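What follows is a single structure, written as structure tokens, with notes after it.
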Amino acid sequence: MSEAFDLSNNNPLLSLYARNASILVFKMFGVAALTGKIRHSKKKFANIEDAKAIKGAQVDTADEDVERVRRAHLNDLENIPPFLCISFLYILTDPEPKLARNLFLGFTAARICHTLVYAVKPVRQPARGLCYGVGLAITCYMATKVIKHFW
Amino acid sequence: MSEAFDLSNNNPLLSLYARNASILVFKMFGVAALTGKIRHSKKKFANIEDAKAIKGAQVDTADEDVERVRRAHLNDLENIPPFLCISFLYILTDPEPKLARNLFLGFTAARICHTLVYAVKPVRQPARGLCYGVGLAITCYMATKVIKHFW
Amino acid sequence: MSEAFDLSNNNPLLSLYARNASILVFKMFGVAALTGKIRHSKKKFANIEDAKAIKGAQVDTADEDVERVRRAHLNDLENIPPFLCISFLYILTDPEPKLARNLFLGFTAARICHTLVYAVKPVRQPARGLCYGVGLAITCYMATKVIKHFW
């Protein structure tokens, strides 16, 4: 690469990155909203000041429905920030655009499905394992390419 | 944008981003320090090797004062890394500088207040909900702008 | 700095960053793999659909061996994403290359050792505290430099 990397929306790869990053952040916030919705419908909260603010609510940090959504959220935290960093470095490696597009869309789709089968409507395994594995494999592939390119 | 994006401190928006990112990271580390401080003052630790290192300490992973600070920290992890990514993309969208400045300072102030009313001195709702909501709304606004700009 | 920051692999500092970021992400995924390995060997899972998929497995979210690895992973989430953001901003401050190299390698080494003495083979304190402290000090040093440079 002799030309400077273009940090504007004239750069299709950067645009792809920006759109996917934003969608993934919205997806993560959706999981937070789902936690809140279940807490309100079951009237079970983690903090005493939350329970006090709602009539009939109580403090309960062991409700399985809430904990399931929180585990889904934690899994997002373990996988999405690493992707956001690695995929930005990946677009600096001048990848084949079609491949990059498939990897980005694949990761985003896998993480949305992960949330659906984990937090929204539990589905029997290997549904969640597959979604998790696809996202993980894509980030690992990109990280390998990044290491090779920047060695 | 026909000019290249300036990644130096001559760029006021990048400088704004860099300062806010650093302050937010220091704030998060402050929550970690607070957890450690409470663990030491109550002599309640999560690991056996920590308890062994301090006379009279025990393993206890259910202390409410410690867990409250850890929930505040987890909420940071759910909100601050997404902001760090989205707000960087946002400054690439050539935003109105005054608006960008208000959004960045608003987010940072909201998250500092969130820590104060959650972990430092519990305040009754809607104090924490408001702080959380302001930060969330700012990140969502920026992510919407990013999607539109890079579509 | 009058020249534009080079986002290619001709930039030794960016290359250093990219390699370290990738290695840290692989390390974090290794902790996730370790959690899975222990869950399978002890047949203790967090979700009912996971337990159902394996003969003789049960739901158990309080196994100390699993929880220890999950605490190590959470500590990574609290420290590595902040480093990934701050260290990128740090290389924009035109640091002395040798110092930058030592800081990056020091952080990566400290976090790998942190995982070893926390999740792989528990070692008595202050082993883990030292690893944690070195990583924290390096990120704080860089964040201070970033604030000064971009003030």
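The chains carry the letters A, B and C, assigned in the order they are written, with residues numbered from 1 in each.
As a convention for this text, contacts are C-beta pairs under 8 Å (C-beta built on N, C-alpha and C of every residue); 3 or more make two chains touch, one makes a residue touch a chain.
The structure presented is a predicted model; accordingly, all values stated were derived computationally and were not measured.
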Chain A onto chain B, rotation angle from CA fit, given as a multiple of 5 degrees: 120
Homomeric contact chain B-chain C: same or different residue positions, threshold half: different
Distance from the mean Cα position of chain C to that of chain B, given in whole angstrom: 18
Junction residues of chain C - those touching two or more other chains: 4, 7, 77, 81
Residue numbers on chain C that touch chain B, as the complex places them: 1, 4-5, 7, 67-68, 71, 77-78, 81-82, 85-86, 89, 92-93, 118, 122-126, 128, 136, 139-140, 143-144, 146-147, 149-151
Chain C-touching residues of chain B, taken from the complex the two chains share: 4, 6-10, 14-15, 18-19, 21-23, 25-26, 28-29, 32, 46-50, 52-53, 61, 73, 77, 81, 84
